[in-house]
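Please find the structures below.
Here come two complexes built around chain A, the first alongside chain B, the second alongside chain C.
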Partner chain A sequence: MPIILENVSLFYSKNTPLEITALKDVNLRIEKGEFVGILGEKGAGKSTLIKLFNGILRPDSGKVTIDGLSPSSKKVKSRVGMVFQQAADQLFCRTIYDEIAFGPLNFGYSRKETEERVLEALEAVYLDRTMLSRNPFSLSGGEMQRVALACALALRPDYLVLDEPITGIDPSGKKEILETLKKVKDQGTAVITVTHNLKGFFPLLEKIIHLQEGRISFQGSRKEYLETENVPLPPVAAMMRELKSRGIQVNPAVFTVEEALEEILRVKSIIEKEKAEKQPE
Partner chain B sequence: MQEPVFSYVPGDSFLHTLDPRTKLAAVMLLGILTFRTESFFGIGALFVFFFALTSFSGLPARVFLRAVRPMMLFIIFIFFAQLFFTKGHVLTSFWILHPSLEGLQNGLRLSARFILLLLFAALMTASTDPSAITCGIERMLRPLPLRWMGVNSFELATMMNLSISFLPILFERVERTKAAQASRGMYFGKNPLRSVPALAIPLIKGVIRDAEELALAMESRGYQGTRRTSMHELTMQRRDWIFLFALILFAALMLRF
Partner chain C sequence: MIRLENVSYSYPDGKPALSDIHMGIRKGEYIGIIGRNGSGKSTLALHLNGLLKPGKGKVMVKGMDTRDISRLQEIRKIVGIVFQNPETQFIGRTVEEDLAFGPENLCLPPEEIRRRVERVLAEIGLENYRYHSPKTLSGGQGQCAALAGTLTMEPECLVFDEVTSMLDPDSGKLVLKHVKKLHEKGKTIIYITHNLEELHDADRIIVMDRGRIVLEGEPENVLSNPFLLDLGLTPPSLMDLAERLKKHGVMIPWEKTSSPSSFAEEICRLFLKT
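Presenting the complex of A and B:
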C-alpha cells in the first residue's frame, strides 16, 4: 500500500494575521520501493510535506493515507522512519547502542529482537561495532547523521523519509549515506528525501517532486524533469543543456558524470567523422 | 505556534511613540498607585484611566485577555481565600464556610488590583518593542553603581535582549526535537519520566552550543560588554514630559482623595 495525499492543504498560524499557506491542493502517491526526491526553494513547503508522511503534522483539509492507515495510527511511526536535518537535535542517550535501541524499545520489541535490529542498522550505515559503547556526542557531524539514520532503520520501516541528509557533511560521510540509502532502496524500502544536493542524489532518484510556494509544480520521472524548464538542475545536466544551447548536439538527459562523458565522446566522434567526410583527400 | 503572553504589537499610536523610559516609569507609578488605592471609587478610576489609555493605543482586546487569562486561576484563588478567611460580618453560612462582608470587599479589591497590574504591564509590553524596553532599562540603570557588583548596565541590557530574541528559537528547537523523538515512537503523554531526558538533553546541549557560537561571533565582531551606541537613541520628547507630568498629577489627586 502506498502513501497517498489527496487535495491536501495546510496552513500555519491559521486564522491569524500571520497565516501562511504551507501546502495547497497537494496530490501525490508514493509506492513502496521508490526513490523519490523532493525539491524546491527554501520555504516551498518541503519539510512540511514530509512531516505529513508520518503523522507529525495533520492536514487542514484533504486526506492522507499511509499504507492504508490513518496518520493518527501508532503503527504509522514504525512503518515510516524519519531522519531530520539536525541529527544532534534527537541524540540524548549515553551510548550509541541505547540511542539506536530507543525506537525499537518504544514499540515494545524484546531485548533480543532489539539487539538484532541495532546491529543490523549499525551495519547498514557502515559504522563499526566498537562504536556501540561510545557516547553519541563524541561523534563528528557525519557520524551523528549516520547514527540518526540507523535509529530510523532500526524500526525496519517501509518508507524512509529524510530531510537534507547530506547537507553539511564531509565527502566520505556523504558517500556512505548515499550507499546506505541505495542499499535500503534495493531491499524494497521507499526512500523519500528532501534535498538541494542534486549532484549527489540525482543519479539515484527515480521520481521527482518539485514544490513551489506550497504547490506541486512538477511531478514525474527524472528524464521528464530534465526536459522541464525553470527547475534547478544538477551540474552535469546544466552543463549538457548549456552545450546544446551552444549548438553542440548532445542529449541533455544524462544523470552521471560517466554518462555525460560518454555522450560528449559520442558527439565528438560524430563531428570528427563529418569533418573527415568534408575533406575527401 | 501560540503567541507569547506579553508580546509586542507594532503600531504608531501615541503610546507607541512614547519613550520606553516614560512607559517604564508610568508602569511603576501606576503599580504603586494601584496598591495604595483603598477605595472602590479609586480602583474604578484606575480602570477608567486604563481604558482611556487603551483607546489611544489602538491595541486589540485579545492582547489584554491573553495577559490576564493565565493568571485567572491564581486571582480567583485569592478572591476566595479573602472571602472565606477574613473575619467580620458574616453574610451567610453554609457548611464550614462563613463568607464575610469584609472578605468580599478585600477579595474584590485584591483581585482588581492584580488584574490592573497585569493590564498596565500588558499595555506597556504590547506598545513597546522589546529591544526598546531593554534599552530603556539599560539607560535607567546606568547611573546606579552596579559595577561594584561585577556587572554593568550594558551587559544586563545585552543579556535581556539576547534572552528575548532567543525565545522563539528555543521554541522552534523544542518543536524539532519533539518531532524527531515522536518519529522514533515516543509518546509524550504516556511516559513523562522517560520523555524528559529525551527532550531536555538535546535541548540543553543545543542551547549551550548556540550560546558558545554566539559569544564567539559577538566577540569576533568587537563586542566587549562596555558602552556602545544603540539602535534606539533615546531622547525624551515634550510629549514624554507632558505625559509624565499628567500622570504624576493624576497620582497625586488619587492619593489625596
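Presenting the complex of A and C:
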C-alpha cells in the first residue's frame, strides 16, 4: 500500500488577511521502494508537502492515507521516518546512543532489540561505534545530519522522508549519505527527498515531483522529466538541451558526464563524416 | 594586506586544526578556499580577524598582529566575516536596527550611522525589509541581511564561510552576485565553499586538507586538477566534461565552462563551422 494524497489543499493563517495557499489540489501516489525527488523553488510548498506524510500537518481539504491508514495514527509514525534540514533541531539527548535509541524505546522495543537497531543504524550512516557516548552537539554539521538520519533508520521505516539531506555537507560526505540512501532504498524502503541538489540526487531519482506555487507542475519518471520544458535541470542535462535547441542532434535526455561525452563524440563523428562527404563536390 | 606566517592551531583537546599555514592575501584579491569537512577552512577564517589566535606563528592584518588585544577593534573594522547560518549573527529586532548595531558599537555619530544603514540597505536591496524582524526573512534574504550587517562596518576585506550552503540555488546566486559586485568595487574577498562551481571568477584558489594548504593556483588549473578527487572534492561537471573532451580533440576554453549555455554555444561554434 502506498502514500496517497487526494485533492489535498493546505493554507497557512487560514481565514485571516495573511492567508497563504501552501498546497492546492495535490494528487499523488508514492509506492514502497521508490526513490522520489520533490523539487521546486523556495516557497513552492515542498516542506509543507512532506509534513503531511506523517501527520505533522493536516490538510484543510482532501485526504491523506498511508498504507490505508490516517497519518495521525501511531502506527504510521513508526512507518514514516522524517529527517529535517536542520539536524540540530531534532537532536536533544545527552549521548548519540540515547538519541538513536529514543525512537525504538518509545515504540516499546526491548533494550536488546533497541541496541541491535542502534548499531545497525549507526553502521548504515558510516559512523563509528566510538561516537556512541559523545554528545550530539559536539558533532560537526555533517555528522549531526547523519545521526538524525540514523534516528529515522532505527525505526526501520517503510518510508524515509528527508528535507535537503545533503546541504552543507562536503562532497565525500554527500557521496556517503547518497550511498546510504541507495542501500536503504534497495532494502525496500521508499526514499522521498526534498532537494535542490540535482547534481547529487539526479542519478538516484526514479520519480520526480515538481511543485510550483503549491501545485504539482510535473509528476513522472526521470526520463519524462528530462523531456519537460521549464524545469530545473542538472548542468550537463541543461547543456545537452541547449545543444539540441541550437540544432545539434544529440539525445537531450542525458545527465552524466560520461553519457554526455559519449553523445557529443558520437554526434561529432557524424558531423565530420557529413563534411567529408560534401568536400569532393 | 593579510599575512599568515607559519600559523598552527590546535583545538582545546589537542587535535591539530591548522598546521604551519603560510599565506598572503593582497588587497583587492578574490580568493576561494575549498576542502572537505574538517579540513580547517572555518578555523582559518576565524583567524583572519582575531576571533581565534594562532597557537604558533602569527596573523598580520595591515601590519597589526591579531594577538595584540589593543589593535583587535581596528582589525575587526578591516576584516568582516559572514557565516553559514545567518540566524546566528542577528542581534537587532528589525533589519535596520541590526544593520546599525556594528557602527553604533564603533561610537560613530548618529548621522553617520544613518548614512551607512541607508547606503547598505540600497546596495543590497533590502529597503522593503527595513522594518521586518531579521528572523522572519527567507534564507536568501536572511543571508543578504547578514552580509549587510557586516557591510555597515565598511570593512576592506570580507570573509564568507559557506554562506550559500543552506540556500536554494536561486538565493545562492543572489548572494554570490553581491559577492562579485563587492569584489568589483575593490573589496578583498575570501570565499570558503564546498561548491566548486561558485569559484569560477576567483583570482586564486586554495585547497586545504587536514589543516594544511595542499594546492594553490588559478581556478583554471586548480578546479580541473585530478588531485581534487583524492581529497573528496568533485570538480564542476561541465569543467569535468570539457577536460575529457580535450582528450578527444574538442577544446572548450575555460571561460566557456561557466554556464550550460556558453558551453553549448562553444560546441556549436566548433562543430558547425565550415
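We take it that the second predicted complex is superposed on the first by the 274 of 281 C-alpha atoms of A that agree within 3 Å, B and C clash if a C-alpha of one lies under 4 Å from a C-alpha of the other, contacts with A are read in each partner's own complex, and residues count from 1 in each chain.
The definition used in the following text is that contacts are C-beta pairs under 8 Å (C-beta built on N, C-alpha and C of every residue); 3 or more make two chains touch, one makes a residue touch a chain.
Given the structure is predicted, the values throughout are model-derived calculations rather than measurements.
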Overlay done on chain A, so just call it for chain B and chain C: clash or fit.
clash
Could you say whether A:Leu265 touches chain B, chain C, both of them, or neither, answering first, second, both or neither?
second
Just chain B (first), just chain C (second), both, or neither: which does A:Lys77 touch?
first
Between chain B and chain C, pick out the one touching the greater number of residues of chain A.
C
Scan A:Lys199 for contacts with chain B and chain C and give back first, second, both or neither.
second
On the A-aligned overlay, A:Ala152 touches which partner chain: chain B = first, chain C = second, or both, or neither?
first
Identify the partner contact of A:Glu41: answer first if only chain B is touched, second if only chain C is, both if each is, neither if none is.
second
Given the touch rule stated above, what does A:Ile169 touch, chain B (first), chain C (second), both, or neither?
second
Using the touch definition from the top, say if A:Met239 reaches chain B (first), chain C (second), both or neither.
second
After superposing on chain A, which of these stretches of chain C ends up overlapping chain B: 97-105, 223-231 or 259-267?
97-105
Looking at the complex, which residues from chain B come into contact with chain A?
1, 3, 173, 176-177, 179-187, 197-198, 200-202, 205-206, 209
Mind pulling up the chain A residues that touch chain B in the complex?
13, 16, 51, 54, 56, 74, 77-78, 80-82, 84, 86, 88-92, 102-103, 106-107, 137, 148, 151-152, 155
Using the touch definition from the top, list the residues of chain A that touch chain C in their complex.
41-43, 85, 140-142, 167-173, 175, 196, 199, 232, 234-236, 238-243, 246-248, 257, 260-261, 264-265, 267-268, 271, 275
List of chain C residues in touch with chain A within their complex
35-38, 84, 138-140, 162, 165-166, 168-171, 194, 197, 232-234, 236-238, 240-241, 244-245, 248, 250, 260-261, 263-265, 267-268, 271-272, 274
